[in-house]
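All chains are identified by letter, namely A, B, C and D, in their written order; residue positions are counted from 1 within each chain.
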């Protein structure tokens, strides 16, 4: 960590600062400049709070040299983590995982959809039973009934099921029935919920928040991992920008960055990112070419009758075609796809 | 609501669409253009889901004419709402409310801080007992002990207390001890929590999310109000932009906008918005001049020893000066300040 | 265009508004709602100024149904435009164009670089002679000397040359010597310069502004086209967001969107978008998979000695590998690459 | 400047880096860490290009400690700069300057508007003769005729005139007739134009770009100052964010920041920032309370007939009321207003 102090900071204060950091077990080097003095701290600086240091009125700036995450950090864990979702492995050199299914579970027709997405090449089934909706007047999901419908679909097809957990009171239900527990974008910094899923046994799909930096996202993974659950898959689903032609802006550069900074798998959600089925194929192929470990795509047999997010759902035949093309791209970048 | 359909949409499809909306009790007018057809829907369009309508491949665009909120909407509730926080009234033509206190409660010294901020002009005391921190390794708050320290401070000074609720399992504690229940920026779209505080009896301070539009923020107020708790105060605390010299960008234009669109009070948090005590005075005075109903400011007797957010905390004497100047500004815009 | 008026607008004002639009040759339909009235205008609404209409205090909102661009609009020009750059064709079903070269021309070594990028598969050479630099103290480019060095490189290799034009006073120089005239991101809304290149005979490479919407970008193409020069290639180079791990956020969703909304070719600049050579391969492959018509990549034999932007430049051997992989991806999506 | 190198960088490379910086006259201190090594450079680091240093594959990160600007930097010029605009002084402890007038000059009625804004308290007249419009089909300004109309208004009222310069070919015209030369937001990084106005004798009003950081904005002022023209006034006019209820987001925190980092005056444009006359009063009062040195406000006798930007223009009587209230706020913060 690098700390710069303002012009005119008294010598006694500089010495006091040095002693304070040394008392925390850090080694301190001071660089005297003409207009500034700079301290370099060596040791475990994750224990320091930048904002507290900045509170000193003589301090001008504080900059981290090393990343604030440990368990997720590639520096301390060189090999790729491979996450096992009820037998389907994600990450490393495992085949690229395609997850398909509707935005919301709408009843037992999920069983048919599961068969369809499986035939098209999906290795997991997605479906929301608890839905985060901007409006309190919009459909809020079927709840437990929806989870039970997903379980029926799993029984019929063998596909592991992925669903979003919105609150701690459903943790037992998810621990029992769901194979991959999704934390949605709006809850990426619901730290209480992160800690709770950090104590679960099931792997977690952590979506990036709408306006969160990659560093904050990895820190949220760190929250889960620090509680003991190291089975975290990251999922990019678009960030909020000024652009209006798409719902969000898909940030595909996260793929090489997540792989450089962490050892965790990264998958892409082109459906929520673009909000428009017309752009899903293009972004899916791009994601695989970029090196993603998986795709999560919304599929509905009748998008215009979907109870939510129809505008971004692919029809099954279109989904099958996307998977077929994505598989060919995967081969070019040296990966398999189931 | 206005729906435009693509060039070449078959006449039968246009008729089907019209019948579908009419069956929902809406009145439909069609405007035939050269390259597009446009439908205007009149009636209660809050029941419609824009994304579902967009799923129709013939639909080009969907635009709302009326706002999607009802209970928070000024259109249906012309008079300003005045929210009573344990006897301190906020909003309308009531005096501008100043809330002061530390970021985190750090023990019983909160009683002294409470006396100090009261003397300086504050009418409520803030202090975090449950802290949302980006890093799992950072101080997470004193928890229930912190709440009890706040209660002691209230007993000593009579100041109502404001604290952040992060999870549903503490609702009973907050219902019993806290006067104004804060929902933090990171939980603004934690819809499960919003519904839960919507069933509380205590008033709610709803902070704007880091990257949420004003419309989404009002919709989150609507979540709380739709469960029965109409005592919501909105609080702007800066939004995320590309600018790096401040932690967030304080959006003061929310003051006239919130007053135009809703009947709820709006207060400003210059401390979190700027992340730097040097800019707090300037932004506080600006907020009052803009017409805000209150300020929430971080105050700490020794910012460089604060357990969190010291960089943005004012020392008590500085806080007193800000309040003194803000009071003079209040008079110019026709408001009192306690 | 759809115009909504506020509750309580007098009938006489509504009639006046209708007459005003009818006098401009537009057909007006009025939809009477309970809280709003809405007008639909049919005809050539590109002549209307939304902001002027909003100035009427009775007007609540103004929304365009049709796009504000004509010449660039796919609606009025169904076939893909193919742009001829000194014999190299870009767009439509032509091979994907790879443009390589250094950020800045640094002297006659550009001739060697040109040979290298040609051998690696590039079909055009890029190099900046006039450089837009944030700091007035940074290297500003070799100017005319740099252009002459590019000409030597073209003579040696036959590669057409691409270079950025920053000011009108160099138009004659570019008309004579440069094959593809680049308008940089910072000048995307330098409307005076856009009009000037609109009167040139050479094709134009129009980069998207750092914070410009796709619609504004197409409108800037429209500026050039409206002056007579319809040979415009669009280039995405990343937009400004809150993310800090990359210099900009590459928005690959522009590829399907630009192809839907316009008939112009779209190419991608992964070097400026990411600002980091480590991420260039990944983003290049993603761009081709997404359907881009070309790539423009920074290449330098010794990035650490480059006079500008070394951090984002590929070494020649790495560039050759990126082209080789991109070619394989191109085949999967049904395109050739030279 | 602080440079960190990657784990595993060879000792020989570390030594080479040290010698390279020392050869540029910088003093180098190395801090050896466990996972990183860090170099601190002392001396004139404005000569270094961060991106070039980052090109070294062993370099992990580069961070500036000192600001990259010199002439604009408060550190080297403690006193506030006061800019003289044809006798009207702006900045320091001078009275707060109010600039009023229409978006576009529409003919000789500008003389009447000038009288009106003068009576209401304005000390300068604004009016656009060259207009940067998103659409090539929108009104582009009266050009030289508009400048001559402004001159007539100045003759009639004595008010100095402010107008936007869009291209170098009009520099002689502006040098002769205009008192304060505005560089618009879209040209903030048109470096060629900045250098050209840097050679003018007239003071410059430099608007912040839509998506430019405060640092880039100050660097653009530095461009002008480095050519010899040190008479620069900065103007904030809103930045681009995700918010949709305003045209841009007014960033008032620039007021204390610009005053901390530079010695230049800062004025605020609430009209362009909000895009809505309803919010102009609130934001004007906030700007003065925040400590701004001036306001630039759009005024039109008939906003709904204005040729551009009517939606954000105040009627004269409303403008007079804003000035009256702003003057009272100014007194509270210890400033006069003419």
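The rule we apply is simple: a residue touches a chain if its C-beta (ideal position, glycine included) is under 8 Å from a C-beta of that chain, and two chains touch if they have at least 3 such contacts.
On a predicted model such as this, the values are computed, not experimentally measured, just so you know.
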item	value
If a chain touches chain A and chain B alike, it appears here	C, D
Chain whose Cα centroid lies at the greatest distance from that of chain A	D
Mean-CA-position distance for chain D and chain C (Å)	26
Whole-Å gap between the CA centroids of chain A and chain D	39
Gap in Å, rounded to a whole number, between the CA centres of chain D and chain B	31
Sites on chain B at which at least two other chains make contact	211, 240-242
Touching residues on chain B, where the partner in the complex is chain D	211, 213-215, 239, 241-246, 249-253, 255-257, 260-261, 273-274, 278-279, 282-283, 285-291, 325, 328-329, 332-333
Complex contact set, residues of chain D against chain A	2, 4, 7, 29, 31-36, 38, 40, 42-43, 60-61, 63, 65-66, 75, 211, 240-242
Touch list for chain D against partner chain C, complex	46-47, 49, 51-52, 54-57, 68, 132-139, 166-169, 186-187, 189-193, 195, 209-211, 216, 219, 222-223, 226-227, 240, 275-277, 303-304, 306-313
